[in-house]
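There are two complexes below, and they share chain A, which is joined by chain B in the first and by chain C in the second.
Now for the complex of A and B:
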């Protein structure tokens, strides 16, 4: 059962931001509601007001040019899993979206909501870090871009200010040499571990290697300790270094023991997934 | 009583106009009311079930504009201007939908609790993909749980219905 709350339905980002500023912690942005309503039904959270942002239609747009792919924060997982542009330009993200939760969650759950709720056992944040994404935060007085790796602060906590809304996800348009993959593993409803890898691969080998680990600890994170082991290597050298990079990524993942597995177990799985993700990316 | 009256006067009522199984409904709901409760308790259609209550099991599946949603975690006002289909609205003129017929012929249910959700989810699948592979079917239906674990018969039922529907065109 849900406790009673009031509904606000702003017509602009500025109006939504003003409402958030005025009502502070007693209000919460509501989009798909797939995670927020669960927390409220369980009595884990209560807000006097929900601010329904779904009238902000501009936040459902997707576009791509030579430099940037822009995804509106209100795009649902279903819209993204059925986007031909995404399938062509960012197959790793497209595949991730096809495998978020289940068909009903994907139907109403939004990418922006997923990121803002910052549930640790979520997929998109991890891959977005490896893709070098930036997140656009807007409020009535202005906007700023936040690097994906600076967005997540802790469990259910982001770097958004109280009156800021996440409006857009920006991903550099991949070049021909760009490779990426995201893999997850788990045996409960949500993943125990997710690993994303992205790099450029040309005759000279690997460059701009980005590896991120999610679900294992309180928030997804880049693991530069593993990235440096692969950066600059030829494909064959990188393959020989993968075990070492996997161990390093596991140690750097800040994995914690919980229902989804022990710390040791998760660290091991990080290594396994890194190897598989690398192979998936290069083939 | 006074308290109840105060709460009543504070209530924010939202007009919701939508079609339910093809019929126009004009109701008022409070923002926190869930679609599942409105359909079961206020509109009297109990085919849709509350089970896990956390969008995992699919027993509360309804089709909104043809797509499956979890009624247990959908705010009722969200169906403003939309079309909602429940299991009660699937048969036409007393004739069962091919999915319903196939579930009977192929033993697609045991206790029956998951069946309304299974059939509605399967309808959404077949409406967008009339000839799914078994892998596609399993991927789409992954979020609908049969606690009796009668999955084999459910898959057979859906595949048989798909064939019937294709042949009927």
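Now for the complex of A and C:
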């Protein structure tokens, strides 16, 4: 049962930011509500004020140019899974969005909300790290860009300041040689492990390899320990090194034992998924 | 959930022992602990524990009972509390021990923590991680406090 709260409906990002700054911990941004309202109905969290940002239509826009794909933070997973532009330019993210949670969540849940809630068993943050995304945070007095890998601080915690809103996700537009994939595995409602891999592949082999692991630990994270093992290698050499890179990524994933699997199990799955994600990216 | 922690403090054992019983100073080292009061000196205490994991905030009014006390060596205590707002309870069995080592004092904790109710829905991994952080911060705060004014 939901306890009483006051619904604020700001008409601009600046006004929303001002409300957040004024009411601090007693207020929370409300977008899709798929995580927040669940927690509130369970009585696990309570806020005196919810700041409804759904009417800020500018935050639902998607655009792409030669250098950057821009996704408004309020885009729902459904809007992204049905975006022809995303399907063409970023098939890995498009496929991820098709498989977020279930159809009810995808219909109203937003990409920005997913990132800001920082639930450890969420998919998008992991792939966005591998894609080299930056997240735009705005408040009444200005805006800044945060690298996806600096956004997640801990379980349910991000580097957003109290009066900041996530307004846009920016991803470098992939070049012809760019390859990426995201795979997840789990046996409960949420995934136990998610692995994202991205790199450039040309005649000289792999470059700018980025690997990220999510769901296993408190927050998604890049695993440079595994990236260096593949960077600069030819495709064949990289394939032979994948087991080693998988073990390295598993160890670096900060996996914790919980209902989704033991630490050892998750570390092993990281290795398995890295191999499969790599194969999926190169084919 | 079981927790074990040791911290080496450059201070004599008596000083560490006396510090533990100085409720106001001791409680100041426990992250999230407020409104501590003595119900019966050396035996019963009360405090409120406030912890936060992202949007989830719990507030446990907690009663602490000292079960055994071995001068300068060991304290066995039990703490229990309930957060009725979110319908959760916690129980902590705490074993605190002191020993001398190379002119320093080693302060050790063994804690057995049970969390019941909705809070448990957050998952064992997350709660254990948070409790580990709290215990770490506490041990470091005790060390700073005791070494700082020695």
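The criterion applied here is as follows: the second predicted complex is superposed on the first by the 283 of 283 C-alpha atoms of A that agree within 3 Å, B and C clash if a C-alpha of one lies under 4 Å from a C-alpha of the other, contacts with A are read in each partner's own complex, and residues count from 1 in each chain.
By definition in this document, a residue touches a chain if its C-beta (ideal position, glycine included) is under 8 Å from a C-beta of that chain, and two chains touch if they have at least 3 such contacts.
The shown structure was predicted, so the numbers you read here are calculated from the model rather than taken from an experiment.
Visitor: In the superposed model built on chain A, check whether chain B and chain C fit or clash.
Guide: Result for chain B and chain C: fit.
Visitor: Is A:2 contacted by the first partner chain B, the second partner chain C, both or neither?
Guide: Only chain B is touched by A:2; chain C is not.
Visitor: Per the contact definition in the header, classify A:236: touching chain B only (first), chain C only (second), both, or neither.
Guide: Neither partner.
Visitor: Have a look at where A:33 lands relative to chain B and chain C in the superposition and call it first, second, both or neither.
Guide: first
Visitor: Pick one for A:78: touches chain B only (first), chain C only (second), both, or neither.
Guide: In the superposition, A:78 contacts chain B only.
Visitor: Identify the partner contact of A:46: answer first if only chain B is touched, second if only chain C is, both if each is, neither if none is.
Guide: second
Visitor: For the overlay on chain A, what angle lies at chain A between chain B and chain C, C-alpha centres, nearest 10°?
Guide: Computed from the C-alpha centres, it is 100 degrees.
Visitor: Just chain B (first), just chain C (second), both, or neither: which does A:155 touch?
Guide: second
Visitor: Would you sort A:105 into first (chain B), second (chain C), both or neither based on which partner it touches?
Guide: In the superposed model, A:105 contacts chain B only, not chain C.
Visitor: Go through the superposed model and pick first if A:259 touches only chain B, second if only chain C, both, or neither.
Guide: second
Visitor: Between chain B and chain C, what minimal C-alpha to C-alpha distance in angstrom results from the superposition?
Guide: 12
Visitor: So in the complex, the part of chain A that touches chain B is made up of which residues?
Guide: It comes out as residues 2-7, 33-34, 37-38, 41, 50, 78, 98, 101-105, 107-108, 189.
Visitor: Inside the complex, what are the residues of chain B that reach chain A?
Guide: Result: residues 7, 11-12, 14, 30-34, 53-56, 58, 61, 67-70, 73-75, 77, 121, 124, 139-144 of chain B touch chain A.
Visitor: For the complex, which residues does chain A have touching chain C?
Guide: Spelled out, the residues of chain A in touch with chain C are 28, 36, 39, 42-46, 117-118, 120, 154-157, 218, 256-259.
Visitor: Can you name the residues of chain C that touch chain A in the complex?
Guide: Of all residues in chain C, those touching chain A are 53-57, 85-87, 118-119, 121-126, 128-130.
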